[in-house]
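There are two complexes below, and they share subunit A, which is joined by subunit B in the first and by subunit C in the second.
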Partner chain A sequence: MTQRIARRFQISTLAAHLVLIGFTLLALAPTLLVIMNSFKPRKEIFGAPLALPSFETITLIGYDTVLKRGDILNYFQNSLIVTVCALFFIILFGAMAAFALSEYRFPGNRLIGLFLVMGIMVPIRLGTVGILKLMVSLGLANTLFALILVYTAQGLPMAVFVMSEFMRQVSDDLKNAARVDGLSEYTILFRLVLPVVRPAIATIAVFTMVPIWNDLWFPLVLAPGESTRTMTLGAQSFIGQFITDWNAVLAALTLAIVPMLILYLMFSRQLIRGITAGAVK
Partner chain B sequence: MGKLVLEGISKRFGAVEVLKTVDLDVADGEFIVIVGPSGCGKSTLLRIIAGLSDQSTGKVLIGGRDVSSLPPSKRGIAMVFQSYALYPHLTVEGNLTLGLKQARTAASLIAERVAEAVRILALEPFLKRRPGELSGGQRQRVAIGRAIVRHPEVFLFDEPLSNLDAALRNQVRAEIADLHRRLGATMVYVTHDQVEAMTLADRIIVMNGGIVQQIGTPSELYRRPANAFVATFIGSPGMNMVAGTAGGGVLTLAGSGRLPCSAAANGAVTAGIRPNGFEILPGGNDGLAGTVIASEYLGAESFLRVRLADGTVVTVHEHPDHGWLIDQPVTLRLRPGNLHLFDAASGVRIAEGPDAAAQPAAARVA
Partner chain C sequence: MRLYRAAFTRGPALFKDHRFLTTKGYAVATSAQRKPIRWHIGVLLAPAILIYTVIMLLPVFDSLRMSLYGKGPDGAPVFVGLANYTTLLTDSYWQGPFWNALWNNVVFFIIHMLVQNPIGILLAALLSLGKLPGREFYRTALFLPTMLSFVIVGFVWKLILSPAWGVSKTLLGSVGLGSWFAPWLGQPDTALITLALISVWQFIGLPMMLIYAAMIAIPDELMEAASCDGVTGINQFFKIKLPLIWPSIGVVSILTFVGNFNAFDLIYVSQGALAGPNFSTDILGTLLYRTFFGNQLQAGDPFMGATIAGAMFLIILCGVCVYLYGVQRRLAYYQM
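And then the complex of A and B:
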């Protein structure tokens, strides 16, 4: 009896794992393809796109082109500045707004919350023309600051929404104990509440960071100048109307993955630590 | 020094009135327990005293000072919370000292206060640990320690024992009583448990529906409850409430018997009799006729559940080794001075006649 249950359990576990493994392969395949092909000469990319680079075919020509031509380090730096700054502002302002919405009763509280939810639903790209005009009249066109502002605005609604939900779960007693001890509201937010909602912050960081890093639209519209190009936009310079240097494009994309991967690992470790060490009871 | 005065405190959320005009005078060193069912406004009242919530009207005076508009940290209070509310990222020592550091207290004074709290609560072995590494009882002791180091004029306790298991609850309750005796500080303690209220309090405030029902010493509340709510809330097992009619000094109860009562009572009344107010006799005697339906044996005593003629079930206190059987017809007779009469509609206590009024005076002598 118990054996049969155990066997059935094993089978269902196996099935679940098969599905998950299948899905993982499906999700990873395009990325793996990009990485594999970035190490192959052009003829091999088109001749046998699914083949692994062998000892005869492996080449670093794409990386050579990328590193020689184009200001790849500058692109990297731009992308990093924009992503990290936007992320910082999203979490800072998002946490402050979420704390206000979840902690204080004031007229219009629910209305503001609703307004922010609308921000999640309406894509910011609809306002591109207006944003561009605004940036030009502010003299911010072709600056990284313009991108940081736009991405902060884009990420805030989701951040406020998620964090205010998490903050509602932080014990009132804890905040009140701090008030009795004379801590300021800022100290309560940054020293008590934020460490407790660390998992929420990690989640927001992961989910807002990737779209910002990958975005092509706003860099193209707001900051297409050579000095302010981001990595994604930079990689496009190898795609021409008639000739495309596929080695270089794939190599650039592969390089673009690396910092994201590092940032992701950083945050995901934080996420796990947040869940296990956030033992507030 | 630690005198606490509430003047006309009320609280409303929009149209909902959660607290109705509370006036209270707490003497220095008094232990006041606010008790009531959940949602009765007792925690709201405590939060208003602490300054964590604003009152709609009225004033809070602590030590003769109007603190109504001061933040919690400036009111001279310290609070112990139900969920302990220790700072998870700080050690026990950090938890004890944070408030004092925040108030820029001199380091030597902080060390002195912490040493005092550690001595009183025997916290020495835990000083370097974090709250996560402590048990529930230890955490609550740290929370109490955090209150002690502030040297407050008034201690506030918000259901401090609710998260502890039964055995620990008795132990920490004794510790709190001991603490009050040693510090001689004014304490206001909120709970929904009437046993905690009876055992700890100098005076109890019973609340229900945002209204103060009665304020008095545990024995006053037990002997002369002001209304039917207080009567059923205080005492365990609760007071038996039996419907009846009174007139001309005679009370007719639940269609099963007649009793003499105060001449002041007239018309529909509710009679309140505590389980130990009954004397139980074999069936057929003069009194309330009923049938035994259950017996609860508790070792030192036992409680019988008796169904009266109209179906009302009452609890009766009896010796542990009584000989009553289930389904046996019995007669309940009232011991003198054990009848409480309440108006059937309003639940307000009906004043006793001269003989019953002598009862509390006699109790005071005893």
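And then the complex of A and C:
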């Protein structure tokens, strides 16, 4: 009897692994294919696209073409600054507002909540012309700060929505105990509630970081200058330039993917720890 | 282990309102005294409201206001009321593209709901199975495409599906399905589905992660209790886990809805602003872009562009209302 249960358990684990491996391959293959082929000469890219690059024929000709133009490191730095700053402001201001809305009863609470959450369904792109006018009048056109402001505004509604959903589930006894102990409302938020809603923060980080990093629209409109160009805009412009040069296109794609891969591998541990730590029983 | 409905533990308003529980000053609050002003509420709300209003809401409403204006004889904007919307829905020049884009957008969304969410739930369920070795690797790998930009995803898949390179044909050929290959992105009847599946491929990590986070938050004791009562395996999933993750599935669905009806980048990058072939992949986002900024076929029309933006706004508003009042209120939340 126990043996049968054990065997059944093993079979289901095996099946789980098979399904997961299948999806993992599907998720990784396209990216690997591009990275692999970027090191091959043109003949092999077309002749044997699925083969690993061989030592005899490995070539960096595509990278050579791409690196002669464009300043990858600067693009990367710009993207990093914009994403990290915007994320910080979104989480800080979002948590503050979400706490105020989910914790206190005051006149206009529901109205302010609706007012903020309404932003989830307003595509901020609709306001592009107005935003551009505003940034020019503030003297912020072609600066990274303009992008940070726009992305913060864009991310706040979702942050407030998700965090207040999570904050409502934080036990009232915990907070009231802290109040009896004389802690200020700010301390309760930052020391007590924020650590408990870490899964929410991780969720928001993922949801907002990705679109910010990947956005093409606002960098193009608000900060198209060479010195403020983000990674996505940079990649788009040089892939466009080399469209028939397959070596260069594959190399450009690889250069756009690799920093993000590194960034992701750095952040993913943090992210997964954030999610699991919040859910520890 | 008992489950409490959040609504009950919340209890009567007296306990929810901490004024009666805090010490200094408030403890003796009676109906005769005035409530002290709680400054911290204002301080907590101010930065979010300020940035959100000035940077996002005002410019957006300014643009939406434009949909009520038209170009006057001297070039200055003239108030025309809802005339632009009537034109969009009934004029022979506008109505075709609009309904086409709307229908394509609906198809795009349905494919996401039917493919992305079930696979996301499946993957989350598999990942949260006991102590599955290697789950950290799977999680990291499956989430990876979500990190890539539309620019990269669009180009990568364009290359892979391109008959010129022939990778997909070789791959299909190696499993004996070589004859299935077709230039999917180039055919009007398959291009939209292909793009939707590419988008699903890219974003599968989001529902997976959200639902996974909800699943690992379910206490072990609860699952043990279920096992003791004879609820195991598939039954355990459908009877216990699924009801507990409905709120997460709801959040995922509304996020997908809003995301899909705002979509633009993937189609723009892989098919261009004309959303070819023959507008078969045209969705509201690309129609808005073409109308607003113009293209080879027509000059930009900010007023009609604003009208399409207004229509998108109304569609998304309807979806969110359905979620908030139709779905979310019926969901049961449990404090665990």
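Everything below uses one rule, namely that the second predicted complex is superposed on the first by the 171 of 281 C-alpha atoms of A that agree within 3 Å, B and C clash if a C-alpha of one lies under 4 Å from a C-alpha of the other, contacts with A are read in each partner's own complex, and residues count from 1 in each chain.
Everything below uses one rule, namely that a contact is a pair of C-beta atoms (placed from the backbone, for glycine too) under 8 Å apart; a residue touches a chain by one contact, two chains touch by 3 or more.
No experiment lies behind these values; they were computed from the predicted model shown.
Once chain A of one complex is fitted onto chain A of the other, the partner contacts of A:Thr13 are limited to subunit C, with no touch recorded for subunit B. When the two complexes are superposed, the chain touching more residues of subunit A, out of subunit B and subunit C, is C. Of the two partner chains, subunit B is the only one that A:Leu174 touches; subunit C does not reach it.
In the superposed model, A:Tyr264 makes contact with subunit C only, not with subunit B. In the superposition on chain A, contact is made by A:Leu192 with subunit B only, not with subunit C.
Look at A:Glu56: by the touch rule set out above, it reaches neither subunit B nor subunit C.
Once chain A of one complex is fitted onto chain A of the other, the partner contacts of A:Phe106 are limited to subunit C, with no touch recorded for subunit B. In the superposition on chain A, A:Pro123 makes contact with subunit C only, while subunit B stays out of contact range. Note: residues 171, 176, 179-180, 182, 278-279, 281 of subunit A belong to the subunit B contact set and to the subunit C contact set alike, using the contact criterion stated above.
Interface residues of subunit A, counted against subunit C in their complex, comprise 12-13, 16-17, 19-20, 23-24, 26-28, 30-31, 33-34, 45-46, 49-50, 89, 92-94, 96-97, 99-101, 103-106, 112, 115-116, 119-131, 133-134, 149-150, 152-154, 156-157, 160, 162, 165, 168-169, 171-172, 175-176, 179-180, 182, 184-186, 189, 199, 202-203, 206-207, 210, 213-214, 216-217, 231-232, 235-236, 239, 246, 249-250, 253, 256-257, 260-261, 263-265, 268, 272, 275-276, 278-279, 281. Per the touch definition, subunit B reaches subunit A in the complex via residues 47, 50, 52, 71-74, 77-79, 81-89, 98-99, 102-103, 132, 143, 146, 158. Listed in rising order, the residues of subunit C touching subunit A in the complex are 6, 9-10, 13, 15-18, 21-24, 38, 40-41, 43-45, 47-49, 51-52, 54-64, 119, 122-123, 126-127, 129-130, 132, 134, 136-152, 155-157, 159-160, 165-167, 170-171, 201, 204, 206, 209-210, 212-213, 216-217, 219-221, 233, 247, 251, 255, 258, 262, 264-265, 269, 302, 306, 309, 312-313, 316-317, 319-320, 333, 335.
Taken in their complex, subunit A has these residues touching subunit B: 171, 173-174, 176-183, 191-192, 195-196, 278-281.
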